[in-house]
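I've put the structures underneath this note.
Two complexes come next, and they have one chain in common, chain A, joined by chain B in the first and chain C in the second.
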Partner chain A sequence: MLVPSLVDGLLLGFVYGIAAMGLSLIWGVMNVINLSHGPIIALGMFGVYLVFNAIGLNPYLTLVLVAVMGLLLGILIYWVAVHRVINAPHLSTLLATFSVNMIIVGIGTAVFTTSPRNVDFTLGSITLGPITLPWTRILAALAAGVVTVLLYLFLYRTPPGKAIRAVTDNRAAAELMGIPTNWMLALSFGLGTMLAAISGGLIATFFPFTILAGGSYELKSFVICVLGGLGNPLGALIGGLLLGALEGIIPAFMETSWVPVLEFILFVLILLVRPQGLLGSKT
Partner chain B sequence: MSKQLKSPGLWLSLAIVVAFGLWPALAGNKAYARETTFTILKAVALASSLNILLGYTGYVSFGHIVFFGLGGYVGFYLMEVHGLHLAVAVLAGGLSAALLAFLLGKAILRLRGAYFALATIGVNEAVRAFIKNFDPFGGPIGMTLNFQVYKAYGGPDRALWIAYIATALLTLVIVLVSFLVKTSRFGLGLMAIRENEDAAEVMGVVAPNAKTWAYVLSALFPGMIGVLFFFKNGNIEPGDAFVLHQSIEAIVMVMLGGQGTVLGPILGAAAYQRLRGLLLVSPLFKNIQLAVAGVLLLIIVLFVPAGVIGWLRGRFPRLRRVLE
Partner chain C sequence: MKRIVHWLLIFALLAAFLAACGPTPEPTKAPEPTKAAAEEPTKAPEPEAKEVTMVIGYTTSQTGKYNVSSTRQVNGLTLWMNEVNDAGGIKLSDGTVIKFKAVTYDDESNKDRVQELYTRLATEDNADFLISPYSSGLTAAAALIAEQYGKIMITTGAASDATYKEGYTLIFQVYTPASRYLTGAVDLLAQLDPDLKKVAFVYENTKFATSVVEAAKAYAEEQGYDIVLFEGYDAETTDFGPFIEKIKQSGAEAVLGGGHFQDGSTFARQVHEKGVEIKFFTLLVAPPEPDFADLGEAAVGVIGPSQWEPLAHFTPEAAKEAGVEWFGKSGDEFVEAYKAAYNEEPSYHSMGGYAAGQVLQKAIMDADSTDPEAIKAAMDAMDILTAYGRIKFETSPEAHGLQIGHSMVYIQWQKDDAGNLVKQVVWPPEGKTAEPLYPKP
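And then the complex of A and B:
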């Protein structure tokens, strides 16, 4: 009983992890908590859903399209809503990104209504001893792993990735070295939303969803970021695995409805005791 | 104190709340006007309470609705299960919200900026998730007020009026308290914390205590309003009591009117609720009222961060005497 649900939770943890990685990347680069994260996760779900229903394209191929759209949307959001208040107090960026949240949810509710959808796509399942796993879960975890590796290669091996890290370390110095810092901020915001959209697209292959579904994954992303240390993308992945493991283990001991109680209590406690996260990060 | 009470700014703010409160007595369709005004007064009360923490002290509480919900639950429980009177329930609801704020305050007010905002979201979600599992409060289904309870207040119709009048009076008290805090030595300390917490401490403001009391004060009234709201509503459930969205709407109201002013949250709350009402009944905007509100918020944040009253005070210094 415990082992299957633990494995299940860990696989989910990878997907939670890349959503949180997006949030963490944005925080790390520009100290902005992106409160429009949830609706973008939901848009990723709808992206896969719409393309799959319209032309029946394989969801995993659609993800590439969803990723590009997520990147462009993020760059747009940065220039419209965030850029003007990037140096203002936290309240301004929190509210600016939250207003984007309201706009997306408002339009999304009008267009898609709030009735639940699901992507009618299965790949069967595999049985290993006591464990039966649907292939969609395994592929989602693999895809999340690939995305993580690509992100790290981008940040550490390519010029724009190095520029983003320079901006993270010291924005003024990066500007003096001739790096177009504003575009790097826009690009990092785009990468953050891209990760959110991809995770949404992956979740859509195995869970039903509505346009409001992003909210709960956004809250999970907060918990994960705090577990792994805000601003530390790799920490976010590990935090995601931790949260997934918790979600797998807790139901073995008490009712499933207690899971969010423990999650949020843990969240507040970690914020209080170790605001830099369990894994720590440069502050 | 007597000098404070001579300020025209205070009387203008109070007069506006009184005008709202008396509106149903003058309107043609009294019950309809009462319901509309009730939502406005509730919004004014929540926004003005939040302003004590957000506007004066500069701490952004994203989960402030937790006090409204918790107060509502405690008061509701006392009325429904123990048959206590509404007045006692209101007091108990307010005190339990204040107690939660006091216990939390010492801990989470150590966090600054975005970390504090995140922690308040976490607290709201934790309490909501807990109440969903807490059987004495009805778990996920919540509680419904027995119809007999209203009999003690002279029938449901009179009970609704009592709840309304109590809310109006409470809102007046909140505005008065908001003004008194702002013009007091305590308020000066809070504003010093807002501008620069370290410098304030050097100047002798005991920041942890001042912040905690500001937090307690801004939690007390939402707890009381919560009891009145759910008494009027007749039932309470976790999904209605801890809506994260309402927390943020309250922040929008404060921002719209002008954070850190007494009049700002009153006008901001009234304008926001009015706008929301208009959008909800308009055939064109009914479905996307949330998006319209979002665009409005974005415009305020980007271009008028001081809010309407803040902008007027900056633009026309002479108005500062009147627009407190």
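And then the complex of A and C:
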């Protein structure tokens, strides 16, 4: 019983990981806690749902479209809501992104209602001894891995990625070197929301959802960021796997109501013992 | 700075002057209640006839997680109200004609807002009657207020038994109580497979679902079933992998439980994806919803209790056989009227809202009065059959207002000859539209 639960949890952990990576990237680059992260995850879910239902496009192909839309939406949110308060105290950026959260949830509720939706897409399962795994979960984990690799290649091997890292290290110095810092911040915000939208799209392939569903993934993302190290995308992935594993294993031994208790005990312990997270804070 | 003060003074003087010249402003009320589409009272043709407009107060979850179910519930109630008003109202023997007006607010699916708004409905809006919000949790909050201000409240969309065991005297329940939600499923299982003994209960940790499964567990144990697993999950659970592993380990052949739509549909989907071999699978709330069919193959064979289904066939003849009075229109007429008004199939939430209105209407007709005491007495004495089913209230002080007449119907998703998913009523035997699919594929 332990092994199947652990494998289930780890596969889910990959998806949690890229959701948290988006939050972590935005925090790492611009010190902004993005409270619109949850609704953007939900929009990613609806993106896959709407395209799949409208034209029957394979959800994994739809993810490319969802990613582009997530990137553009993030850039738009940055210029409209975040840019003017980027240098203000943290409370201002919190309130600005919380406002975006409320706007998306409000419009989403009006348009989609809070009815649960489901992408009627299945690829069957594979059975390996005692473990039965749905292909949708396996592909979601693989997709999360591919996205992580691409993000690292982008940040470490491309000029815009290097520029983002330069802005993270020292915004003033980067500006003096001729880097358009505002655009790099906008791009970082866009990448963060893109990751959130992709994670939402992947979740939609195996869990039903509503426009309010992003909230719980946003909360998990915060926990994961602290576990892995705020601002560290690789740490976010590791944190995601850790959280997924805990969610898989704990219910095998005790009631599920203990899952958040133990998760948040770990959260507090990390804050006390290693506040920079397991992998430290960096981009 | 001086210039700003100067302009402010001029503005204040101008405003004071305009206020003195103009009409007395209405006192500001916030938030402004939404007036539901109800007829304005018209003058009665005969001088002795007196027209009374009674106010029905309730909240709607226009936002938040109960948005869909609550909206359907209110649609049903509004349909009833419009029908009564359009038909000229309720006529009493003294010539009084009663029409209805709705006052409603958005409760945001939030218990605190419910308490605040029901207090407003009872005190500022002077509601004559109250209808509950959707869900047991919100209704428990509203019931306290209704009782405190001496207002009759008809509850719908609220199945938990606990509210009616608080000693209240003015709260009347339309839904079958939670304690009887799954007992019919146990009876169905006993009929389908007398040899099956191992049953698992996996349920949402909410007031509603817990009270349902605790009652069903006690009933199943009485029937000799071996409860091999009895475990709750959080309302936000999305990964049922650990529970599915526990079901496999326990050797359960029948699984009962669930809670609401989202968790129930997720659970059903994962049971299918993981290829769990269970023969009988019954979930609360989710299966009767039309959207459950989105699960495709995962929906086939899943059974769910429902307060009402359009397929359910209650008739005046059935009322005569049962020795109770028939009241209102038939189920088909209700479905037709609802579709015409809202362009969608009614769910049991819609019928619950409509039935709540019917209960009030019948009580006023039986009381032949607008006196709350007389109406309460009429409700206590009520025993009727409607398109929604039988309605009768417990009158003992221990559980006053609890619904004791109505019972659930059980639906199962099956495939028709063309391979399309269809809902069939499989229990009780007198109302079934198809043989149950057993064991679950």
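To be clear about the criterion, the second predicted complex is superposed on the first by the 277 of 283 C-alpha atoms of A that agree within 3 Å, B and C clash if a C-alpha of one lies under 4 Å from a C-alpha of the other, contacts with A are read in each partner's own complex, and residues count from 1 in each chain.
Please note the rule applied: contacts are C-beta pairs under 8 Å (C-beta built on N, C-alpha and C of every residue); 3 or more make two chains touch, one makes a residue touch a chain.
Quick caveat: nothing in here was measured; it's all calculated off a predicted structure.
Of the two partner chains placed around the shared chain by superposition, neither chain B nor chain C is touched by A:173. When the two complexes are overlaid on their common chain A, residue A:61 makes contact with neither chain B nor chain C. Once the two complexes are laid over each other on the shared chain, residue contacts for A:126 go to neither chain B nor chain C. After overlaying the two complexes on the shared chain, residue contacts for A:85 are found with chain B alone; chain C is out of touch. In the superposition on chain A, A:101 makes contact with chain B only, not with chain C.
In the superposition on chain A, contact of A:72 is made with neither chain B nor chain C. Residue contacts after overlaying the shared chain place A:153 against neither chain B nor chain C. Touch criterion met: A:255 reaches chain B and chain C at once.
When the two complexes are overlaid on their common chain A, residue A:212 makes contact with chain C while staying clear of chain B. Overlaid on A, the two complexes show chain B and chain C touching the same residues of chain A, namely 106, 109, 255, 257, 260. Taken in their complex, chain A has these residues touching chain B: 31, 33, 80-81, 84-85, 88-92, 94-96, 98-107, 109-110, 215, 219, 222-223, 226, 255, 257-258, 260-261, 263-265, 267-268, 271-272, 275.
On chain A, the positions that touch chain C within their shared complex are 1, 4-5, 8-9, 12, 106, 109, 113-118, 120, 122, 125, 127, 132, 134, 136, 203, 206-210, 212-213, 216, 247-248, 250-252, 255-257, 259-260. Residues of chain C that touch chain A in their complex: 63-68, 71, 205, 231-234, 236-239, 241-243, 245-246, 248-249, 261-262, 265-266, 269-270, 273-275, 291, 294-298.
Interface of chain B with chain A (complex): residues 54, 58, 60, 62, 107-108, 110-111, 113-115, 117-119, 121-123, 125-126, 129-130, 132-133, 140, 244, 248, 251-252, 255, 287-295, 297-298, 301-302, 305.
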